[in-house]
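In the two complexes that follow, chain A is the common piece, with chain B as its partner first and chain C second.
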Partner chain A sequence: MYGFEALTFNIHSGYLEAIVRGHRSGLLTAADYNNLCQCETLDDIKMHLSATEYGPYLQNEPSPLHTTTIVEKCTLKLVDEYKHMLSQATEPLSTFLQYITYGHMIDNVVLIVTGTLHERDVHELLEKCHPLGMFDSIATLAVAQNMRELYRLVLVDTPLAPYFSECITSEDLDDMNIEIMRNTLYKAYLEDFYDFCQKLGGATAEIMSDLLAFEADRRAVNITINSIGTELTRDDRRKLYSNFGLLYPYGHEELAVCEDIDQVRGVMEKYPPYQTIFAKLSYGESQMLDKAFYEEEVKRLCLAFEQQFHYGVFFAYMRLREQEIRNLMWISECVAQNQKSRVHDSVVFIF
Partner chain B sequence: MEYLDNLPPMDLMRSEKMTFVQLIIPVESAHRAISYLGQLGLLQFRDLNDEKSPFQRTFVNQVKRCAEMSRKLRFFKDQIHKAGLLPSPHPASQPDIELEELEMQLAEHEHELIEMNSNTEKLQQTYNELLEFKMVLQKASDFLVSSRSNSTVQEREMVENVYSNDHYADTASLLEQEMQPGPSVQSGVRFVSGIICKSKVLTFERMLFRATRGNMFFNQAAADDQILDPSSNEMVEKTVFVVFFSGEQARTKILKICEAFGANCYPVPEDVTKRMQITREVSSRLSELETTLDAGTRHRDKALTSIGFQLAKWMNMVGREKAVYDTLNMLNFDVTKKCLVGEGWCPIFAKAKIQEALQRATFDSNSQVGIIFHVMDAVEPPPTYFRTNRFTSAFQEIVDAYGVANYQEANPAVYTVVTFPFLFAVMFGDWGHGICLLLGALVLIARERKLGSQKLGSFMEMLFGGRYVLLLMSIFSIYCGLIYNEFFSVPFHIFGESAYKCRDSSCSDARSIGLIKSRDPYPFGVDPSWRGSRTELPFLNSLKMKLSILLGVVQMNLGIILSYFNARFFGNSLDIKYQFVPQMIFLNCLFGYLSLLIVIKWCSGSQADLYHVMIYMFLSPFEDLGENKLFWGQGVLQVILLLCAVVAVPWMLFPKPFILKRLHTEISRPHIWVTWNL
Partner chain C sequence: MGEDEAIAKSSEDQNDDGVSESKAVPVEDKESINDENVEKFLDSMDDYLILVDSLSSILRQGWLELASARHSMGASRISASSYDMKYHSAATTLQLQHETASSDVGQPHFVLRKWESSDSPKKDPSDSPTRDPCEAKLEEDKWVQSVSSGLRIRTKGTSESSESREKKAENTGSPLSVDGHAQKERLKALSMFGALAPPKLRAAQLSFETALETLADIANVRASLLRAYEQVQKEMESPIQ
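Presenting the complex of A and B:
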């Protein structure tokens, strides 16, 4: 199924692939995490990070550090790298790179809408938004009262507009609606991204379809688990699953009728790739599921770097960095709150 | 062989002899000893705490403190830069201060600065708001007046003052009086006036249009002055807008949008007299604030200038201190915890200097116990260290860019001093350009002292670093340019008349039939008459190409001969037998022979085709050379050379790896056996 990417890939994307592989070698290693986990204070963490690529971003922070500052600065580094790559990219890589941020955009939209619903200050909410998912008129989201207005006022200008066709209703916004909106948007986004990657063809399509299928399946499982015990009907639940992935279509039929976590487990264990994930968990447990999924994801993302001449490395790198920032956040929170025994609960080693 | 053994030791060509030393330093003199050693720069410490992470080391707190201080210094530098002050070129000489004292001073300065900044920021914000208000008043009144005069209908516009700026507290009382509802609310047309960043106007208008479904009227005018953005400290262009709309719902929507876009709304009273009154009040308050702000800025600038005097010195000091503690972190405590133990490499010639520095440190810190400094045996190979001066360092750097030589390996940088600029000149040869380059290099060297002390841009720094390389390159270019006889590509009759002249006085057939030789050859370099002739290119190309071949072969031979001296030095007969000898044979049988042919051709004036000779030497070695024959016995010689070259290839490639493999297996097996028996 390989095209002849190797012949022409480097003309446009060779530089950026080299850049992204260079960035990847800057990811923290297991030795770094071991050292970080031994830190006693946030200053120790800063000191350790100053020897890594995060150094220049943290060096000008005055000494009583907060977890949020560390995370903010680390994210800033990711954003800077992303912007550099985006400005160097040509089509279709630039579109591909933009696709990566749509997920954050959806999360930001949901964050702002939920926040205004609970009457939070818009500026406070804006600070919490992921900087990769920012767009021009994001603050105006607070004006909208229902989905239709949301679409007509703000989102029509954003790349999310086409994904909205499924959820334009005149209903007032409430928590349930918003959650459904998030999942509908995400479904449309994943399907669109998947189609885009298929259109690109070659190794990109092959690798990205695997990564996106995993993402879709994980979302399907999460939707199922989160909707157990809510008033979401089976048909509605079924509608939220993306139309591709390993579970599509038969797994989705089975997931749609699940009533508790063990039934979900029963469904998932029929699929060999997910068997290993669920084998790690004891019955009835759903807490560790996230970590198990993250570990599996990281493993798959790392594998994307084994092949050359495809765009999957960009996606993989962004995801790995985000995982790394999540790790750093968890470690710093544990250190700040003196809960060092729990440090290893949620840290996913990347290498 | 005896002659080779009696060669001088070639000190310059090999890296310095190193020795592994151990230092046992009493705690009280450790800091001073390390800083003296740092100034000397002749000892390389080995990290004895490799397995510890940075924050588990002994002097981590000091390192942290230094990092904190350098952060403060960077903050000052940033502030000075933002304030547009230049760091003073002649730092006032102040007495040296201790690090602890400096730390306190820095903390004080930082506190002071932050406080001043926050004060200024508050004032600035108030000032900005007033300024914006004033602009809105000016511009909006224009709209109001024009819209009034245009409206021929009786409908009276209703003005409602909208006041939505929360943090506008101190002028609120002033405005509240004006907040009384204006004339009657009949037609329901109201307006909101405010100010917004110019870049956001378009999206803002579009959003308003969408939100009110087009039931609004948007007026805008560019503000006269730019406004200082407190967050980025840059001047921003702003636009005053007035939106007319009707209905309460639209009002809340518009206000929300204003808030979302960061547009500040200011109320404008409809009444002209009131407007005048407010404008006057705002203006007077503005001028008051301006004087306060100016005073604050002056105060701050003064503080910053006083910091700026010493900033460079402080930065230097803190950086040095941090380096000292980083080095101390590489040392180990001994059993008694009273001494630090360090290991490192130093060149043998520097031992006396190091000892002297250590004694000085002991003496200066009034330590009872001296520092013990002794030589040890080392397992690992010593590091490479070349002594360079400012002339050779640039060349050494060029060589190091290709790879650093192993310990005591021959250092090609010695030859590079001549070969690199010369080979450059072979390509660049033009004495006009060479003179330009020479002048540039001379300027750099003449201002060496001044340029060396200041920080240069990355490009300038590269030029400055390579100033002696440039000098040599330019001198060689002039030489080669004279040989090529090119001055900005124009030939000159410097060394006398051309050897050629026209056949007759009219010189009509100079370009078709050619010139005749009338004198002795041109004494130095290329005859200027070649310039512009039909055969100029073939002649010069052939000359330069042959020159390049000769130079290249000499250069390659030099490299291989150096490898011989390396092998001899390390007693590696394998390299000599299976690498050096076949390489020499191969190179000289083919390209050495070519060089020989070139020289013979030049000397004999033969017209043999050397391409043909070389190509057919491989294709049909036994064929008669015919007119290409240059000397007697050439055919036989060629066959012998070809055979030698063919033999040299497998000789060069195959024996060495197999012998190495055999040696490896022979050595490692008994070794493993011994360890197993233990």
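Presenting the complex of A and C:
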């Protein structure tokens, strides 16, 4: 029953909740970001990061540094923390933690399949995969010619198998089919994760419902905007929207017929939580939409830490670290390209 | 008075010999030609410097937009490993022509042909099943050339031909269909990063496309700059008569 988690939560998950809250306090602060934004070179960034928790991961990297190296090493830190938590977790927390990585698994599958379609070397593609989304048979994805083979040869033994029911066809893989496959898989994953959290109940269900609904709505908006001018039909677009969230079902019906960004704005402004997001943008502009969504997401993720005895803190921590890595990537790119005046275009401060 | 004597002498030479002396140009005309060539050189130099500066800022903007797209899509989705290694024809080509106008014999002229595709324009086979493939290819080339010349920025010495070609583009394909074709080809080129390209990636593509056009203009302006410089140097070396 909701409200009595304090009696039993710490028996199995108290240690890990303490660990994740400790990790949270290691997130970069405003002072750290101020120092990073004033760096002149990537070596300066490395020097400033050596005083943070990223220090041990970057200290052995030789100069000259590259922005992708900084991102890779910072991601390794996140992966190590995740693996430690997963190894210590019991059910159902271990399943919950695995659910967090299925999004990366989908991205890796699509990366390998797309790269194979473009006749790239599999080993080169494997190096680009996200470490949180790796599984044993991922390299054998390269032999599949269509989605049916993809499922039958490789994915049937992975956690993504249940998500393939809607996209098993014998059509050959091309760029549009792969993109539809990506979004269909992600839709099925989000719905499954949502159902799992609802079954857990309590504070976890309440907090995760809000976070996953926001994710579903953001996906719907991004799919709509990105498909403007493409061959994706309205019906196909509608099929890619998730079956939950604030926009479901009426907002989805309106988004499916939008042909430009202003129509999308008109639909979203009917929903008060998204009115503030679109109020920050000028008419016809879509460049700052990502940052506005990230800021809203960070606000909701930070609120998850205000309550105890739920699994939402693990999800929130992983997402906040990923946002931090995105911030570091953007700052590094601005420093490398000598465009420090544009740093604040995409950096989202956490806490 | 000295100038009048020079003019009189040139006319006497012409009358005596019965052949006009091409070298005997009036001094004031020769000076005005010198000034014209120097002005042409300085104008070309100015255009060149402006274009180089413009290219630098467009490329900076393009690289930042690409970084912004990587920031939102993820570094793994936009990287060199996403490039399509399958054999396919180039979407954009550069054609070298030589100007044949009176004053610019042999000057190279670069023409950028953007968004050509072996798939465009789609011809319905039922329309002319017996058409010679070479003839179809020639017509396709003409259509593509009219499209590309409509997109090409005008340069000096080609204004008349550009106007006539633009009229042909309007007759053969409306600006809307030209834009539609270019937009389709743009999205097709971006599909290697994913069929649903975000606005930031599309903006980066436009920036680099503009940079390509600027590069072609820089090449043309540089050719005219070097030509004008040669003219000026030739005049400086030849004695004034």
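Quick note on the criterion: the second predicted complex is superposed on the first by the 349 of 351 C-alpha atoms of A that agree within 3 Å, B and C clash if a C-alpha of one lies under 4 Å from a C-alpha of the other, contacts with A are read in each partner's own complex, and residues count from 1 in each chain.
Keep this in mind: contacts are C-beta pairs under 8 Å (C-beta built on N, C-alpha and C of every residue); 3 or more make two chains touch, one makes a residue touch a chain.
All figures in this text were calculated on a predicted structure; none of them were measured in a lab.
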item: Partners on chain A (chain B, chain C) - clash or fit; value: fit
item: Included angle at chain A between vectors to chain C and chain B, based on C-alpha centres and rounded to the nearest 10 degrees; value: 120
item: Partner with the higher number of touched chain A residues, chain C or chain B; value: C
item: Partner chain in contact with A:E259 - chain B first, chain C second, else both or neither; value: neither
item: Which superposed partner A:W330 touches (first chain B, second chain C, both, neither); value: second
item: Touching partner for A:P62 - first (chain B), second (chain C), both, neither; value: first
item: Partner chain(s) touched by A:V143 [first = chain B, second = chain C, both, neither]; value: first
item: Which of chain B and chain C A:M176 touches, first, second, both or neither; value: second
item: Which superposed partner A:D80 touches (first chain B, second chain C, both, neither); value: neither
item: Gap in Å between nearest CA atoms once chain C and chain B share a frame through chain A; value: 16
item: Chain B and chain C contact sites that coincide on chain A, given as residue numbers; value: none
item: Touching residues on chain A, where the partner in the complex is chain C; value: 68, 71, 107, 111, 114-115, 118-120, 124-125, 128-130, 175-176, 178-180, 182-183, 222-223, 225-227, 229-232, 261, 286-287, 290, 326, 329-330, 333-334, 337, 339, 342, 345-346
item: Sites on chain B touched by chain A in the complex; value: 53-56, 60, 63-64, 67-68, 71, 74-75, 203, 207, 210-211, 253, 256-257, 259-262
item: Chain A residues touching chain B - in the complex, by the definition given at the top; value: 35, 38-40, 43-44, 47-48, 50-51, 59-63, 122, 136-137, 139-143, 152-154, 157
item: Interfacial residue positions of chain C with respect to chain A in the complex; value: 60, 63-64, 67-68, 70-72, 74-77, 79, 81-86, 183, 187, 191-192, 194-200, 203
